[in-house]
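Shared between the two complexes below is subunit A, which pairs with subunit B and subunit C, respectively.
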Partner chain A sequence: MFNKKFKLSSAKKQPAAEGEKSKENEEKTKSTISPLKSVFIKSVGNAVHNSSDLKVKSIHPNLTLIYIDNLVDGEVLKKHIIHDLLGNTSESPENVLSVLSIPNAKLSGEIDGAITGMMDGTVLIHVEGYSQIVLANIPTKESRALSTPENESQVIGSQVGFNESLTTNISLVRRYIKNPDLCNEEIKVGERSNTAVSMLYIKGIASEEMINMLRQRITDIKIDSLLDSSILEQLIDDNSLSIFPQMLLTERPDKLCSELLNGKLGVIVDGSTMAIVAPHSFLEFFQSQEDINLRWQIATFARLLRFSAVVLSIFLTPLYVAALTFHYEVIPQTLLVTLSESRSLVPFPPLFEALLLELIIELLREAGIRLPSKVGQTIGIVGGIVIGTAAVQAGITSNILIIIVALGALASFTTPSYMMGNVIRIIRFPLILLAGYWGFYGIMFGFCFIIIHLLRQTSLGSPYTAPFYPPRVKDWRDSIIRMPLPFTFKRPSNTRPEDEDKYEPGPVNPEKNEQKVE
Partner chain B sequence: MKNSIQLSQKSTINAFLLFFIIHTAQIGVGIHGFQRIIYQDAKHDAWISVLLAGIATHIIAFIMIKTLEMYSSNDLYGIHQDVFGKWIGNFFNIIYILYCSAAFFSVLRNYIEVVQTWVFPNVNTWFLAATLLLIVMYTFTGGLRVIVGVSFFSLILSIWLLPMLVYPLKFMEPRSLLPILEADMSGILKGVQSMTFTIIGFEVLNVIYPFIKDKNNVRKYVHLGLLATTFIYVSVMLVSITYFSGDLLTKTIWATLSLFSIIKLPFVERFEYIAVCFWMLIILPNLCLYVWAAYRGTIRLVNVNATKFVWIFSLSIFIASLVVKNRTQINMVNNYFGQVAFYVIFVYPIFLYVVAVVKRKFKSHKEQIE
Partner chain C sequence: MKKYRSYILYLLLLISLVGCAEKKLLEKVGLTTLIGYDLGNEDNVKTTAVVRQVNTEFQSQVAIITSENETSQGTRTKINRRSSKKIMAGQLRGVLFGEELARKGVGHYVDTLLKHSEMSGSVLLAVVEGQSKSLLEFEYPDIDDIGDHIYKLLEQNIKGEQMISSTLHEVGHDYYSPGRDIAMPILKKDKELIEISGVALFKNGEMVGKLSAKDSFYVKLIRDNYNTGKLEMMIKGDELPSSLMKNPSDRIDLVFDPIKTKKELKLVNQATPEFDLQINVKARLMEIKPYIDVGKPKNVAKLEKAIGKSLSEELSRVIALSQEADSDVFGFGEYYRSTVRHSDLTQEKWHGLYKEMKVNVHVDFTLLRSGIME
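And now, the complex of A and B:
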């Protein structure tokens, strides 16, 4: 039996090896560049299926430019390349290269790379009789002007957001961190789309283990196209089945930079306005970049407000449903009178009433996103005032529930991360159902389930519930509260930074110390 | 030792988490109604019984750690096999696994009873058992890290219940504590024994010990955890004795919940509804740690993976919870279990320590001769 197996496997191997060999040969003939002009043009034409925007331009009889019309900068082509080459009479690729006043021009003897480059705005310059060509990269600089971040606006702090161009985005980051240790690793993702993905980190701060893990995850992706960083985030996070995002998507360069300086890793995808930040713990999703810009008392107040808003947003409606369906006794008598008065006309059980109203709010929100901004406001007013008032007058819902639902919706929008804000809103629905069927017991069941679920998650291998569990008391200084800057000089240990200290902790009150010296 | 447990750095936990583990493993359903049982034995000196029981846990924990330190990184199951040999050791292991399962069952069944009595009289036992087991299974399959995390959050998120004891203080009568030491010693000691069911849980240390990273800190945090538990039990007992009259206390099955029911906040009355439901988070570490302890023992006997084990375990507990139907049966289970637990937790560790020491002496003596 053993022999048989061996035979089978060896028999299988041989044709495969032959196939490989023939493939290699094919590749060799493919990848070399023909010194003949006509053959070269034909092979390039075949590679792009004679696309109509493929332009072939002869300057001299021996000198040919091939490029894709829509991808190269016409101005540069005319002013520099054609102008430079017109005066040139000597005919060798090296000479052409020396004449060109384009900074990123290079020699190449391989056609595959040249064609991939052509798709990125490279002009191929072929000289008759040579099997090497000159590549001059002059892509069009078609990108939106920098604008303020739409989804993560803040009062104090920089007002610039990422746009769709990878080079602009990286230059934005480099402008904040002028340090040679800021590493940029480019990885191509997507077999068909060939999207450039840049992995950013600061050598000497970011943990090597995490860098390797993230690089491995990105290179392991087998996908045919990658159009946005939010897709990449879902592909590389630790548990894509969970409702909670485990990596942050931000459109603020200052946020990305401050996280890079905390020892985290960033990923920017070409064509996407969002950068990925990892690892990111659950708590950090509720911290805004503005918290560092504001004075610590105000920032702490804002954070506490935000966290209580999240708790309120998740549990307020379920508590209402549970109390009114099962546990009347819990409500004090005076409050109970008001409640039952407002509910006296409502023909539905609290569960149905709450679900109806929550659904209306979600409808308004979804419609608000899809509608053009001019109509959006009107719909907001129509929805909020007309439907709200009419629903109460018609006796479909109670006044108090409208207040509760609106409060919950309002609170859910205080979360700085849009992705996490969505989760906070959606997570309410199963809890309302649990409350409607099993009262407080159901809510507690849901609550325990959420806590356990959060405990089970990791973000790039580090615990999602940090710094609370595992408890790292030093990191609590910058968690739900924000201590003054002289106390928060350590990087969060969740990122396992190679260098822990952000800065030397100076005296808390320098003026006082000086007086003492006198 | 040949059967000691070798762990990677990542699967170990910090010693100070033992504080949370020990504390949350102890506090569970017992605290709902331990006052009546102790009061029957020790009358208004019940708090002395509670205090003595607390001191007893310190002594036992001390001996447990002494035993565990003899075997640098091994749990009770491994020690059994080493001290008594394979067959007798495994017999003791089976008893310990059964003990853990019984503890799990009695916590679960008591909590279901409380929920049915106080909040949902009409909800079926099977439903409550199934939901609780579901949560336990979800935690258990996450591994030790998640189980310890649950005990951590359980303590942090329920710490606010303790200040609620201030409310009954308004109605207390400190004179009902006097005269101190009126009950005779036998009554007080009997009260200590009755405390067993409420105060056990710290024996999980026997199993979790090899998972601790810095073993030289174990002693400190275990005793701190026990101290916190003793403090809570004594204070609850003191409040109960001063708040209830003696007759009333002997008739109140869940005195702590009755204490909660007088709390009035501007927006909440009948606080015990919330407290009973919230208790799910407090018993969760109890359940998870016991099922985990049982699992650690089972894998020494048979080759079974965690998922398979937790399914079989949950299914058998589920069926058992349907068999025990009413209050009298539950009381019977509690009494029997309390008696067994007294010997397993308070007597057996001393015996084990003596045997282990003798065996070690004997062995080293033998080696010297050779």
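And now, the complex of A and C:
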């Protein structure tokens, strides 16, 4: 509700602001390119506020190159542009264009676009006496080498992760899906940062409606800058106030490709190592790309383990607090003695004890991220062993709670998506508070609240709790369990794919494979 | 902002409700594991509570606190005055009744226990020969925690199908449904041990008689079905042709191990009333004395017949005994009520009929195996 209103109000404000801007733009577009060399250099200099890395180079008296020093590839500039133009005597932009051996050089008569291009590594070639210039795009190819995905590592499967370069990332995807139907729409986001955002989808699989919706959401953004895809995800998801992420952020190209082939849409932001995948249901956040690589029995086991880990992680500590504060009846008789013995030295009520320990664990986790990697491990040992055992001996917490809290923290890290893992860990705190104040009633209240909240969410317009609500029994084959491949030939209906079948459902054990080598 | 006003109201409500729930912190609760009720002076009730004491340095100990008052809940407040922790009954496992009190009636106590929301339905009930106080207060050298011990003693025997089950849930059912009476195990202090000595028979919540521990097998045979039980029985020597035995004797002792039973009850005459009770027993022979060759099918058939006959006689005897005491622990009345239309059976009406009831018992015994040898 709030979200819609928020979007509406921001939409209302925009026309007025846009009006002013469009007027300015009109004035600027009027400023055409001056045929005079000195005037042209001055106007470009003004546009970039005479930045010190703006380079002006004259080859002939009437041929001038203007570029930003650190953005263009010096090697290409020297070998191709300068070398090609030195022997050139005829003086017209068309001629210059024909001489240049740069593939994406073009003519332009408008200064604004030229300056924006210059910020992206374009060399402006001005010919004295013409109001048209040649633009040659030769950006530097500075990028980190491809490396393994740090946050989503897996044992079986490809070991390559996205890096910060948009072109590299797209080429990675294109290498997985060699298909002309793989569409790449580039949209510029950010009035100041002018960040390139690529929207990827496979035509003929992805639903047209969803493509339009996502394109609309990205183009509607009025923001000055966009530095990472995680920011874009918060800007374009269905309910940005919810604690649950509604779009997946992944750094695995194989994950993105498998989701694209499922009929989902992907978004890659220049300068970001994470791709956005949408629509993504709640359940799918707990599925790993590795599940499809492993045999189905093992994958099913891993998934069941992961789901039970989530339940454990959310409810174990609250249950401990509730049972010890209100419902001593439910504690099994055999556990009663050990439990009360370990609690008898603790001076705090269970609620405070649990919160304290949970905070210590969170503290360790947070410190582990911030600390330099060389110290990080030491801190893990200090935190785990020293604080853990000392806390019990000092009588601050009970042994059993240490086990429960550690188990809960460990379980929350089994979630393949880091964003969702965070949610699972944080959502425990309100539940612990509820358990400490109202016991099992509080936990039930919190649980119902979470369920209702989840049921209300959508991901790119499709239900967040699918395939369980609304029940889509066919999709259960690949949900908390993973059936063997011959059974999972359908694309998830959550994506409303244009083409529903991934492949022809064949017999489970084809006879043609029975040819034996003698 | 108007939209959020209701949310803020809920939030305020939630915050203001903090502390309204009654806290029962584990370490501040005195956990009663067993309660014994006895008859005190002038119709008072004497309650003996076994309270578990938690101690870090030593092993956990139990405290036994006794108090006397007009009501059972009244004794609880009195016990509270002598304890450093609040006495709570949520971990209660067993309730014992002194024999004197049981003869005066346990209905009131069953009713009170059932109304207690903390109380689990699986609390076991039993009658004590003599006073429950003296049974609980005695210092047994081999028993650390008397509350735990008595519960496990009863539970083990009930699970092993050696004794009729008497959980609070079942006893409540027996007490309230017309045509059914309560049966509970009887506990007895035997020197330095506690023993299940028999089955107490009740009529309208008052104890009216007892059966021996051995007879509890037959009570259970009619009440429930067996799955794993064990039985030791004797058949008279003249039931079998002496040619079967090498050394003919006048009694044959048998032990059966996993017993499986199926029973069928039929009302053949409404007026008397008369029942046909057909019980199919399947069992494995564990031990037989003197030696009979059970490898021969002919012998087995004869043996099965003799055992079936002997079992029917025993069952008839037990039914007659409880008829004498006027206690329908088998639930014949309940069957009568459910099969006879407009019977409007009440407890009094049924007890009028019960004395005259006739049961034709027929037991079909099948010997499954006679042991496995390697």
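We adopt the following convention: the second predicted complex is superposed on the first by the 480 of 518 C-alpha atoms of A that agree within 3 Å, B and C clash if a C-alpha of one lies under 4 Å from a C-alpha of the other, contacts with A are read in each partner's own complex, and residues count from 1 in each chain.
We adopt the following convention: a contact is a pair of C-beta atoms (placed from the backbone, for glycine too) under 8 Å apart; a residue touches a chain by one contact, two chains touch by 3 or more.
Quantities reported herein were computed from a predicted structural model and do not represent experimental measurements.
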*Joint occupancy of subunit A by subunit B and subunit C, clash or fit*: clash
*Touch check for A:337: first (subunit B), second (subunit C), both, or neither?*
second
*Using the superposition on chain A described above, determine whether A:352 touches subunit B (first), subunit C (second), both, or neither.*
neither
*asked:* Once chain A of both complexes is superposed, is A:465 in touch with subunit B (first), subunit C (second), both, or neither?
replied: first
_Let me test your reading of the model: by the given contact rule, A:329 touches which partner, first (subunit B), second (subunit C), both or neither?_
both
*Based on the superposed arrangement, let me know which partner A:451 touches: subunit B (first), subunit C (second), both, or neither?*
first
*Name the contact category of A:443: first (subunit B only), second (subunit C only), both, or neither.*
first
_Contact residues of subunit A, present in both the subunit B and the subunit C interface_ = 326-327, 329, 331, 333, 438-439, 441
_List the residues on subunit A that touch subunit B in their complex, please._
326-327, 329-333, 335, 438-441, 443-445, 447-449, 451-453, 455-456, 463, 465, 468-471
_For the complex, give me every residue of subunit C touching subunit A._
3, 17-19, 21-27, 29, 31, 52, 54-56, 60, 88, 90-91, 93, 118, 120, 148
*Provide the residue numbers of subunit B that touch subunit A in the complex, in ascending order.*
13-14, 16-17, 115, 119-120, 123, 128, 131, 135, 138-139, 142, 145-146, 149-150, 152-153, 156-157, 264, 266-271, 273-274, 277-278, 280-281, 284
*asked:* Residue numbers of subunit A touching subunit C in their complex, please.
replied: 1-2, 324-329, 331, 333, 336-337, 339-341, 343-346, 349-350, 437-439, 441
